[in-house]
Structures are given as structure tokens and as C-alpha cells.
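These notes concern the structure reproduced below.
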Amino acid sequence: MVSHSKDIVKGINDLIQQVAPNVSITYAGGTVNGDIGTSFETVQQAIEENTCHQLFAFYDLGSAKMNLEMAAELSEKEIEILDVSFIEGVYCTAALFEMNADLTVVISELEQLMVK
Amino acid sequence: MIVTKDLTHKWFTLFAEKVIQEKEQLSEYDRIIGDGDHGMNMARGAQQLITLWQAVPPVHLSDVFKQAAMKWISGVGGASGPLYGTAFLEMAKAVGAKEELSNDELVTAVKAGFEGIKKRGKSDIGQKTMLDLWAPAVQDLEKDELTMATLQTALTKTNELKATKGRASFLGDRSINEVDPGAASSKLFFEALIEAGEFGGN
Amino acid sequence: MVSHSKDIVKGINDLIQQVAPNVSITYAGGTVNGDIGTSFETVQQAIEENTCHQLFAFYDLGSAKMNLEMAAELSEKEIEILDVSFIEGVYCTAALFEMNADLTVVISELEQLMVK
Amino acid sequence: MIVTKDLTHKWFTLFAEKVIQEKEQLSEYDRIIGDGDHGMNMARGAQQLITLWQAVPPVHLSDVFKQAAMKWISGVGGASGPLYGTAFLEMAKAVGAKEELSNDELVTAVKAGFEGIKKRGKSDIGQKTMLDLWAPAVQDLEKDELTMATLQTALTKTNELKATKGRASFLGDRSINEVDPGAASSKLFFEALIEAGEFGGN
């Protein structure tokens, strides 16, 4: 998860830990100083810290997506960036992965949340 | 059956006690298809209601419903708060100033609760929610009866449904063959009525 | 704004204060103890503290919406609850209101963000 | 025009200085149709680049682009970070090991930067972004010239556009007749090139 605010991603993480404690979820929010914005380095960190090789990535606003894309291009991991509504998309994905749902199921659910 | 304030007080007290007793089990169901807090949420409302009544027991019949509604609305913190809260509030409204309910009036009140949940949840039967326990309970009550068998069958049928409302709806087909926590707590609600009441046309 | 997490609404508020410092924005997040959940009372407070009479209201998950609806029914204010993607909807609305956009414009933009 | 490392170093240094000087104005534009941080964002990258070069000036021509790219990618914090960062990186790639660029090679490099922004931003000209300054600048450069008049006209035309990318796109028609902050900072970028360079076929 990449957000412009450290608080937003912390809050979403708290929310989805309740429904998906077994899914590897990492996040980057805010600038390096904790201000509103995004930081390429913390996005890279969030990608590398994740224990999975194949990741679904979510963001709040377009500039977060750009950092995400740059970091994704430089990473060895397979990263799918989803242009879906942020909180709702993350929640839905986490809940489904917790139930070991198929990728195709998750993707088809997410298609209904495309807003970007 | 004639429903008095005492019977209703007993009904809701038993319900609250059952919820507290089954707290872990309810949360466990919710852990599977939700966020794992249904037992905790419900027990919070239940405990506050018991505490209130230990200090000041309800005076009028409608107080039982109204006070339960307030505790659920204020104290619960999950979807079950506004849902049960609205149900109880609608029941209080249906009861009004009456101090005794005929069986028909009980049915009217429980139906009002059922409609309250539907309205608040924008939901209906068949969506794997508490409504799927309330509907068959109402049907039984219309015949002046309510049996454990009805409740058990209703819960089993609810298990087989796919959730289309609430958090579990995010899971789609994965919600099938799991217990809906709100249906399980509603089963306790009607079990408490069976234990508090005297069914069979008397 | 009504969220299950106090951090989520704090973060969104920080984000939109930058784009809409002149819009009256109030929020409720988490239970009274600060845990994940929603609280009817804090939702009521957020409604009453807002300096406007006509409000657009946003929420993260369905149970937040229920508390919002109950509080809206009991309030004298005119409250429109929007079933749109939470962060994106709030951002878009705040940005448009800051520019004094017409209600019809805001609503037509929000229609594209309906996901609930 | 022949573009050396020294000319390029001067170009980017002037750009950084202009950004720092115009910081308030850039943020003011962004306050109207964005979040008010474009000047601060850009000045952060600019200051870091100046500080780096005060300690260690760039050695090779491509270092200028590469080091600017790194500072923008790491230091900026807004959309302009990855956008200018990608542009500068693509320019560095286009320059490769060359230590001097012919006018054609300069055009190729600036075009690579333009394409980098398009790719990173999934955007194109006409969307009221920095691209609407880059495109006419490239056209001028192809004729081995670059004039303030071209830049000023480009910015004026950009003002009239409706934003369909970036934050300003949330405003729809309300973005018309406002200055796009990224277009304004890109104007500074090409002004710096005019000041550093010697145009007119020499």
C-alpha cells in the first residue's frame, strides 16, 4: 500500500490485520520526514520487505502511483499495480487472499472497484 | 403466550448472558468470514445492559427494548450495534405504552424488529445475515410457537448461503459453508425467548 | 468522514487540508476507546461540529454507514451519504468545494466513483 | 549549438537556482489547482542538487542528467519527483557516454525526456501539464533555437487548457484559466537552457 499519509496506511493496516492476519502486507506512507507526500525509497522498502514475490499494489493518488511504478520497474518482484479504489480494494484483496482465493477471483472482484 | 415486562426482562437478560457466555464462539465465527470481533462487540452491549439492570431494573415493558437498543447503539462498535439497536428500537416503538402483549402483538413487535434490520442493513433474507434467523423465528411465532429445531434448521440453512451483505460479502463464494456470526447471535436471541417464554397457546 | 480507524480519517484530513483549507471538514474514526470500529456518538459529534448545515458524508465500510445513517436520521442537518470510494471521493469533493463548484458538478463527478 | 558538460552543468544549475527563487510563486499556482507544494517539492530537489555539486561537481556530461534525476526521484515527494526524475534519467540514457552533443543530439535527448514524462505520467500534450511546455520547446530546438516568446506563448496556451491528469484533473472545468504549476516550472527549465546556451546555429 502506498499513500500520501503515514497515518492512512497505518490505519488501513490496522483494519485489515483483523481480517487478514496471514497475508504479507507492507506499506509506505508520507515523505521520509513524515509529511504528506510519497517517497520513492520507502516504496522500494515496502516492496522488498514484503515476504512474497508476487505482489498486488495499491495507492491513493496518482503521484503515489508514479513512485510505485518506478520502484516496481526496478524490483525483481512481479508487481501488479491496481487502479482501484484504495481502501475498498485493499480490504477486499486482503480478505480474499486470507481465504486463499484464486488470483482470477481476486482480479474479477477488483474489476468492480476500478475508479482511477 | 402473554408477554409481560418480567418475561421480556428475563428474555433480554438471558440473551445478554448467552452472548457473554458464547463470546469466544461468536468471535471465532467472525474470524473466519469477518474481522473476528462479533462476540466482543455483542458482549460489550450485553455487559452494559446487565450492569444497567443490576442498578436500575426496567420499569415498563418498552423500557426493556429501549434500554437494550441504547446499549447496542452506543456500546457495540460493529455493524451488529446499529442493526440490533435498530431492531430493538423498532420493537420498543411497536410496543408503545402497552404493558402486556398478546401473541399477535409479540409477532408485530418481532416483525418490526426484523423490518428495522432490513431497513438499517438495506438487506433481506437469503443474504446470509441475522435476518435469516429472524425470518423463520417470526414464522414460528405466528403459530404461537418457537422451537430449538426451527432455530437450528435456520442456522444450518444460513450456513449454506453466500454472503451478499456485510463484510463477509467481500468473500463471495468463500463465505459458503461458514457460520454467519450475526445469525449465530440471533439464534441466541430467540433461544433466550424460548427459555423465558411459555409457548403453546397458553 | 466516518472510518473504522482514527488514523485513516486523521490522515485523509491532513491530505485534504492541503487542497481544501476553506471547506468545513469533520470526522469520526474508531471506537470511543480508539480501537478499530465505529461509534455512533462520535459520528453524531462530527455531524454537529461541522459548521455547515448541508453535508456530504463518506465512510469506509458498511457498518460505518449504518452509524452514519442513524446519526443522519436524528440530526436536523441535511446529510447526503455517498456510496463512493472513500479516499478518492472525499478528495474530489473537498477539492471541488474549495473551488466553489456547483453541487451538480460535484455529484456528477462522484457518480463516477460509485463502488459500494 | 554544441552542448558540452559545462553548458549542461550551467543549464541545470540555473534551473535549480530559478526554482529556488520562484519557489513561492510555484507553490502559489499549486495552491489554486493542486495541493500547494510544487515550489517546495521542486526546491527540495534543486537545493540537494546544488549542495551535491558544491561538494562534487559533475564529471561527465551524462552525470549532470543522472545526478539531477537521482535528486528529483529521491528528494522531491510529489508527482514532479518521478516525472522530472524520469525525464532526466531518459536524457542521461539518450546521452550515454557522449561528452558533447550536436544540436540533433540535444533534440534527441530532450525528446527522450519528454517521452519519459509521457510514459511515467501516462499523459500527453493537451492535458495541462508540464508536457505542454516541453512539446513546443522541442519544436523550437529542432530549428536550433529556443526563445522566451515560445515559452511564454506555451504557458499562456496551457493556462487555457482543462486539466485531465494529476491532481488538477479532479477540478474539471475549474482548472481552466489557471496556471499549471508543472508547466510553470518547466518554463524555468527551458529558460535556464536559453540562458546557458548559445542559440542560432553556432
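Per-chain numbering from 1; labels A, B, C and D assigned in written order.
Please note the rule applied: a residue touches a chain if its C-beta (ideal position, glycine included) is under 8 Å from a C-beta of that chain, and two chains touch if they have at least 3 such contacts.
Just so we're clear, the structure is a prediction, and the values are computed from it rather than from any experiment.
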Between the pairs A-B and A-D, the one where more C-beta pairs touch:
A-D
Repeat of interface B-C, chosen from C-D, A-D or A-B - more than half of residue-number contact pairs shared:
A-D
Rounded to a whole Å, what is the gap between the Cα centroids of chain C and chain D?
38
Between chain A and chain D, what is the gap in Å from one C-alpha centre to the other?
30
Measuring centre to centre with CA averages, how many angstrom lie between chain A and chain C?
23
Two or more other chains in contact with one residue: find those residues in chain B.
35, 37, 167
Residues of chain C touching 2+ other chains?
18, 36, 61, 91
Touching residues on chain A, where the partner in the complex is chain D:
31, 35-41, 61-63, 66-67, 69-70
Could you please specify the touching residues of chain B with respect to chain C in the complex?
35, 37, 41, 73-74, 77-79, 81-83, 85-86, 120-121, 165-167
Hey, which residues of chain A end up touching chain C in the complex?
3-12, 14-15, 18, 29, 36, 60-61, 85-88, 91, 112-113, 115-116
Residue numbers on chain A that touch chain B, as the complex places them:
18-19, 91-92, 95-96, 99, 101, 105, 109
The chain B residues in contact with chain A across the complex are 34-37, 167, 170-174
